[in-house]
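Next come two complexes built around subunit A: one with subunit B, the other with subunit C.
So, the complex of A and B:
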């Protein structure tokens, strides 16, 4: 156990060094988060398919409940319940478009994780930093519960619970609880809790801040104690269902899965779930009485309960959809919490975009019209008025606009176009457009994954640490 | 799947080249044995503890249901349900006594397995070949169901079902069904089925041949079909019980296990089994209503059913003990099949030695007196007279002796002494003499094993093959 403690201390120290300019000490925030004594009981696993370039290396590392696809390196690291999907890694000679530059890849992209401390975290690759296209590093970064690191190299940063860093290279940053950052490249920033920030330098800037008092009911985190609130209760209540899928080695799917769709064997599927063609259900997704139309997806750590998704809907990482009906082509962003109730369903019209980190929590039926953009905290019609807009109207913004707690600067039309392009890319990458021959994506290529489980040393100095494991094709 | 088939063909070809002097073609013997189509469904696993030197490397290999402890290498190989225990590997600078030579180890001993095809096989290390003390190679060898390779480097050989090669380096040999060979070093030999041969060159030579007609009821194997007979029925009937222990990732023991004893989590334990101090129950052992006294052991693939072992009893790999009562210090050798019946129990007096590959199958109660040596096939009192002798009497043989189908040449006293020393070594190595402080053995050191499971490629050219996996401390 000693070496594991030493490793943890070193990671904390390094992050503190990186954050010294922000005068921040992560020590009290971290020490309650990781159940060191339980580290020997966890096991890690990783997926192997013929479709993903394999080069896993774990050196003197600890990792638990992981899921790796594609190239990777983990050196002297702590991880915990991480999904690190290398399924969109760039390959040698691929061309990467950055502004007017076409940059050819010098070598195959790799993920590197070093001296990192990530818990219950998703790291999804596709590095967008044009300076380090071949590397997807995550060095001394501490990422707490349900934080997402998505397409985002990071270094020396601290991510609070349910924080998301998306397509953003962060260095020496503090990302507050439930904050969402999609901002290109940032360093030495202290992002307050409940910040939703989408920036494309010189093109647009979207900023929303949650009213903290109200957000605290959902998620509240302070030094010295574990995070709490409705989000935590929600996931804790459903924890047990995952026990079985993680306890058993081979699990046959409990629903019928079309040959063009993919249901991860580590997802929880409750009756009466329906999976259509081209659907992707990822690891640690939770589906209960969920009807998924053609090309819809349920990404890692998403929950879809008593809901119907008509087709080509995106349920991003960590999003929750409860008692809702979604038209076609609805996008539900990272960590959204959309909770209708049996007597008061939530309806979302087709082509709508629910911004990442949106909370909709209603006690009366609520209808979001087709083609709308929704953000922030919505508990009734009035909130909806303050926190939504038709995409058509939004595209007309030319310089500056504010509504409720949201401020927008720049080109609304660029914002909408960029968002729609990304949605198209996500559907494409996930295999929603597969026609039986071409347009294969994750739904088709992530079928038939071999899962390999590994356990750490059970005793001695190295208790809780894993031996070095190198896997090559 | 193609690469897997290619690999199998290559191994068969190499063994055939090695066996060309014996004019033998293993092709028709092998093709029914390995369920190639199921190879993708199997998974392999290996154990990790702080007490065993770790250096596993699997390169382009296939392996399924394995169990590795200690250093190992597997190159371009097929294995299947193998236990390869590296828990008695010699270390650098250890002194190995061979006749008048004290040979220091040049480096840590390693196991190497290359282009091999082993199914349902145990390979237990501790190489005794003074020429290759640091290597425990098993190159192009095909070993069929329930064969044991024990302390025995081997190359270019074919082992029939339930064959055992014990402390014998074999090269280019055919070892017939249910034959037991402990003969130092042999090459280019064709050992007939049902041969029990224990030789210490220039000291003694023990030879027994089973009456083939009678042996065929127990185990019969011929080209083009699967082995059949009572042995196969017996293990097949109990196969299902193993399903559960292999399907689940973590399994809590169902009986109380003293802190000085060790119960492998891949053993099957049925009520009402009792485990005393210093007991070792190994992987794939099967215990049902079994009472194990202090220091008794149940080694890999042994079965103990409705039986009582008083203490310091050895149940060697693959031995079956049914409806029997064993006094203290009874040795039951490899693949023995001792079957009493509820109305006709088998009783074995203390200090007796049941030779490896002995069949006792009775319909009337039978008592073996204390301090006896038993061999061959015994179904009644008369058989017992023909196939047993007191160890005291045996020790008096000085030149040559025969009884029933057994022939002995050389020093009976050396034979008994050598056997007793080995029994003492086995008990010692297994931790039977642990006093709470010293004399630790496998029962104490094989506790708290981490188990790691790996699965092969699920699809494509490499279907059924594993990626290269390197594990280091």
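So, the complex of A and C:
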């Protein structure tokens, strides 16, 4: 396993060199975060479909338990139980709109992961950086448990547990635990844990920062120990259910799935789950007594338990919905944690937007009115007053506004429109609007998929390393 | 036209307000007031206090701005507000956040009482290389040094010893005087 150790040391050193300006040493945080013998235990797997270009190249890397789809090149890296989804990459001759430029793609886009260590991380979408449209690069980067790298090329950066970078190029940045960043391009920034930042330069700027003491109950990460808190307990409690879906080769779906819907064979489905037309359930999603109306989706690492989603609802990567009722067209952002109780249901009115990285954790019933924007930490009515606003009122902000721990500057109308357009695009991409003939999306295109597995060296110096593998049509 | 040298314009160190390292801000204020009363030979009064070590060497300077900095609250919330800047918010938004914060806490005499007891060492500014000027330097060179370093004053040296302070206000007065002289003589 010597080679694997050397590889990890090499990645840590490269990240530290990039973060030297921030005087940050990732070594104590990362070195024993995943014991190396864990990284030799699991097979990696990849999907083949008639709908996605295929070009996978793995060199001098560990890929334990990771999943690959599309075009991806991995070199000198460790990928532990990560999902590298290349099903939204741009293709040759596509036109990319950036400001007033229409940039044609010279070749198919590729995810390029080099000298990086990704732990239970989701990589998805495509590069939004106009300077590197054909390469969605992740270089000299370490991301920890349940981080999301979504349409965000990254260089020399560290992402804490449950951190998300969304449509943002990051260079030499430290993204704190449970922080969400969507800011176009950032460099040399140290983002504290629990920061939710959505910025479109010259248009709007939204910032919310969690009260750290309260956030620490949910997720806390410090050097020398694994991440801990309610989030980790929640996923650990359901870990065993995933073992079966990864251990069994042929697994028949335990629920009826309409022909226009897609249920990934690596999702966990518990009894009394209902899947309607145009529903998309991605790998590593967990559904238990979940009613998913037409066009709803449950993305990677999402959990929907004892809940009903009326239709066209988005459960983004890593979001958790427990004991809740969602009206139609509700958006639940990345890594949200929405927890009602059997006697204290959470109700979310239609057309509401629950901002990425929102925590709603209640012991008394709570109703969020239709058409509302909710952010931050909500445990009761008072918190909801402080951390929500009707979208109509938000759209009227013209200069600046602050409420509780949230501060906003710019055009509220642009902010709401941008969000709504993005929600529409997500539903479209996921196949929610499929009419039997047109508007196909992931729900329809991911149905015909085969999975192959690949394995590392079982013993010796190279134990845990995968041989060089090139997979092409 | 008069050819000014730095030593013609400087305030001798003996006329300047000084306190020893370890003095409190309150002692520094008293020293400044005393110097302002005793040495008011120009229209510009002293606005800083020099900090001396045990060998009477100048080790730092406390300006009016440094005094005011001591009155700023230093709690977690203020630090959080300060850090908003890195997220690209305008200075107006940051100022509004501060104002909102200050309105939310009751005014307190403690801020002033606490500041009075603080040590000058915490707030004093040490001098950089570009803040020293030889006493025989010309007015023009001194002007350039003030401009390029954006300094309000320079420490005047005689060999290795600090013998005075060259204040921007005195340099301005001299330059203005020369200008008027040139205008008058054509």
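As a convention for this text, the second predicted complex is superposed on the first by the 473 of 473 C-alpha atoms of A that agree within 3 Å, B and C clash if a C-alpha of one lies under 4 Å from a C-alpha of the other, contacts with A are read in each partner's own complex, and residues count from 1 in each chain.
The rule is short, and it goes like this: contacts are C-beta pairs under 8 Å (C-beta built on N, C-alpha and C of every residue); 3 or more make two chains touch, one makes a residue touch a chain.
Everything quoted here is computed from the prediction, not taken from an experiment.
Novice: Kindly classify A:209 by the partners it touches after superposition: subunit B alone (first), subunit C alone (second), both, or neither?
Specialist: After superposition on chain A, A:209 lies in contact with subunit C alone.
Novice: Once the shared chain is lined up, is A:380 touching subunit B (first), subunit C (second), both, or neither of them?
Specialist: neither
Novice: In the overlaid three-chain picture, which partner chain does A:222 touch, first (subunit B) or second (subunit C), both, or neither?
Specialist: A:222 sits against neither subunit B nor subunit C.
Novice: Is A:462 in contact with subunit B, with subunit C, with both, or with neither (first, second, both, neither)?
Specialist: It touches subunit B, and subunit C stays clear.
Novice: Which partner does A:402 contact after superposing on A: first (subunit B), second (subunit C), both, neither?
Specialist: second
Novice: Just checking: does A:50 make contact with subunit B only, subunit C only, both, or neither of them? Give me first, second, both or neither.
Specialist: first
Novice: Kindly classify A:199 by the partners it touches after superposition: subunit B alone (first), subunit C alone (second), both, or neither?
Specialist: second
Novice: Which chain makes contact with more of the residues of subunit A, subunit B or else subunit C?
Specialist: Greater contact footprint in residues on subunit A: B.
Novice: Mind listing the subunit B positions that touch subunit A in their complex?
Specialist: 41, 43, 48-50, 54, 246-250, 448-462, 467-473
Novice: Once bound in the complex, which stretches of subunit A touch subunit C?
Specialist: Counting only subunit A, the residues touching subunit C are 183, 189, 192, 197, 199, 201, 205, 207, 209, 400, 402, 407, 409.
Novice: In the complex of these two chains, what residues of subunit C are touching subunit A?
Specialist: 80, 83-84, 86-90, 92-93, 96-97, 100
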